[in-house]
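Each of the two complexes below includes subunit A, the first together with subunit B, the second together with subunit C.
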Partner chain A sequence: MRSPFRPYTLPDASVLAAHKSLIRSLERRGLIRGGLSLGALVMLTGCDVERPESVESALLAISRFNDRVQAWLFDPNRLAPTYPESMILRPPKFNAYYDVTEVKPVDGTSWRLDVAGLVAEKRAWTLPDLQALPQRSMVIQHICVEGWSYIGGWTGVPLRTFLERCGADLRAKYVSFKTADDYPSSIDMATALHPQTLLALKYGDETLADPFGYPVRLRMATKLGYKNPKWITAIEVTNTYPGGFWESKGFPWFAGL
Partner chain B sequence: MVCRLMRRGSLLRASLGLCVLAIGVGPAAAQSPTPGGMPPPPGMSLAQSAAMRFPQPVRVGDLLGRQVLQPVESQNVLGRVRQVVREPDGRLMVIVAFGGLFGWGARPIAVPVDAMVLLGQDMEIVAFTPDELRRFPTFAAAGTHVVPDDTIIRVGLAKPSH
Partner chain C sequence: MRETMRPLVTAGRPLHPLPLRIMHWVNAVVMLVMITSGWGIYDDDVIIRGFHFGSFWRLGDWAAWSLNWHFAGMWFLAINGVAYLVYGVASGRFRTKLLPIRPAEVVRTVVDTLHFRIAHEDLTVYNAVQKLLYVIVILAGIAQVVTGLAIWKPVQFSGLVALMGGFQTARVLHFAGMAIIVGFLVVHVTLALLVPKTLLAMLSGGPRVGAQVSDKEELVR
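What follows is the complex of A and B.
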């Protein structure tokens, strides 16, 4: 059968011979080859397969550049969206780098929060100490890097208030956290001072339940979920990059929303 | 001609597969070494295993209509929560509209609340496989009591299975 796409009048075949050199220089396949190798590089970013160190360090350099751009774009006075209390998911969604059966509850009566680094007052705080500080509530979205989200209602001490009470050097670069579940984390000072950054003590007006970080966890409206450590035991103000659990595995450090 | 078409088809499939792989591995690598929603260890009762999952208070009315997922990476939808009932022996059962296609042709089955977990806005059945659930009898309401919406019950938790 004759192809319906075949033109009724065909060009003279001599035209090919006349433009032979031009046709050779088109190199369409070369373009496809180039595209494929770029595609392969993109695939490498997510792969756990053995990869050349140079590729990894190049990708990490891009990630650090992204961190700097995000820090530059961050507006310390701009608020993330908030939601009505009726939208709070009760209970919240559990997540950790291990399953819930491995959660080790923290005893709130013997728990202490150590403060170290560039602070005037290095002392251990008790839970009643924190409860006596001014509290703030916010209903915000928790957005996980995995793609899920939920709306949660958190109450606690603004981290800014806490740092001010400790006499922290607010010009320092980083605030880092240690936790009872060995999940180190750190954030930039601008985010630490943001009004929607809380040392959360309550969820939906109830004391935090064990799986969600009792007695104290971090909740920020301006960063991805993995930047919010639970069961915090120590806070340090520092100018030395502290890194974090997922960050040491290649995740972005700034992780802004 | 047919042969060439077939070859092209398989090429297309292979490249699609690679795309999916490229999208899929990123988030997967983010995740924990320990998977979520593991079935109860052998020999452990449902109640004992649920107690290990830090059961949290939840309003029955807030469970109705929730998606019920299979605790695997693809999070296959098994059905939706239709009701919570109390059996004559006192056990709390979640009535799940199970199977079907987008809810069409689903049939109600009674799953012990201790066999399920909360996963954010969804629920998961951790103690039974889809094959086992397929063999569950269709729920018969006789003798059971519907648990009112405002009742607070306790349901265990799990981390996402990916």
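What follows is the complex of A and C.
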């Protein structure tokens, strides 16, 4: 019986001759090798099985929904519990995306704090400028997303006071921070205006030590630890979502306590 | 056409009605998500020194995704859990199947079990130990939501945290609640596999219960 795959008219013999070397190279070995490569590719994609793109985007969508729920749960008038000064841990715990030995100290005399965005007065602040503003102290619990916590005592300028002095648009959505250690961060305006949100200059009664953010860091009683940038160099008031260091790696943005 | 009289029979409902089966399996999946993603979060800062779960047991390849799984799963756990509690109370299922639990019966069942006199022919009735375990795991589930709220929002729910004796205690309680639920799961799944008809009943609905033969007769044409 004639094979159904056999062409009715055979190609010109010269065509076969011209492609003889190519046809010879179609070895079974090549096919097997190709098959194995395909298999290996499937195995590689297998690394992603736990977090395929669709799952990742669904989880991030829920995380953004959770940000809105958290903003709704946040009571701007509710104060976090405070503790006696005797409970302050000295020195505080160090935490960053790198080791404490890699901290690069900031020179307080040449340091400037740039203010930008939706503010009336865009200018650079010096450390004495900030020290001259009204100060507030708080002894609060620092809670890390990992689960550990400690009691810390912080003194500095309430961020609300600072934003008011800058003539910031307090109806803007976000306040974002840039730091000397390349750790961008941002918070919602409601939290920025909370009385327990400080631009901290001191720990306990002493000037901030280098590993903990000298000359200025953010300390909020109502956010997880990773929302508190150290060595702040710039503040911007904005309506455009600024994100942050850990947020860009998948961590929740609001991170309210 | 002949006419006869026969007793009126009302067909009962399945042992596990459909809504209950759906809630059971939703809960099974969500519980596994919450437990294994919780292990991922736990491993970042362990409570018991030297005790890690390891990557095989964790949902989420690192802490950020374990957190995202946990904070996504919590909605499904809470909504499904509330639906289950409302159903259990409203349908009378909790009252008829889980109560009363008499201590003497619990002791007798434990003794019987240790002597391998464990009765499981009748799926429609729970023995005292089963009742006790189900009540414990339901309460543990509720406690997980409460301790979970406390460590998720320790400032907004600071009263709750104070009641538990602080953030770290709330965290340990949340961990202990997980341990109770996992302990229950080991027993629950082992017994379901040993007596497969219980597993099938949770899929198909199981035997019909509450069928009644009425005093009245109906006319059959």
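Some observations on this one:
Just so it is clear, the second predicted complex is superposed on the first by the 207 of 257 C-alpha atoms of A that agree within 3 Å, B and C clash if a C-alpha of one lies under 4 Å from a C-alpha of the other, contacts with A are read in each partner's own complex, and residues count from 1 in each chain.
Operating definition for what follows: a contact is a pair of C-beta atoms (placed from the backbone, for glycine too) under 8 Å apart; a residue touches a chain by one contact, two chains touch by 3 or more.
Remember, it's a predicted structure, so these values are computed and weren't measured experimentally.
Of the two partner chains, subunit C is the only one touched by A:62; subunit B is not. In the superposition on chain A, A:53 makes contact with neither subunit B nor subunit C. Contact with subunit C, but none with subunit B, is seen for A:78 once the two complexes are overlaid on the shared chain. In the superposition on chain A, A:148 makes contact with both subunit B and subunit C. Contacts of A:107 after superposition: neither subunit B nor subunit C is touched.
Contact with subunit C, but none with subunit B, is seen for A:252 once the two complexes are overlaid on the shared chain.
Overlaid on A, the two complexes show subunit B and subunit C touching the same residues of subunit A, namely 145-148, 246, 249, 251. By the touch criterion given at the top, residues 18, 21-27, 29-38, 52-54, 56-59, 62, 118-121, 156-160, 162 of subunit B touch subunit A in their complex. Residue ranges of subunit C in contact with subunit A, taken from their complex: 41-42, 44-45, 47, 59-61, 63-65, 67-69, 71-72, 75, 153-156, 158, 161-162, 167-168, 171. Note for the complex: subunit A touches subunit B at residues 42-43, 45-48, 89-103, 145-148, 150, 209-211, 226, 246, 249, 251.
Taken together, the subunit A residues at the contact with subunit C in this complex read 50-51, 56, 58-60, 62-63, 66, 70, 73-75, 78, 80-81, 141, 143-149, 221-222, 246, 249-252, 256-257.
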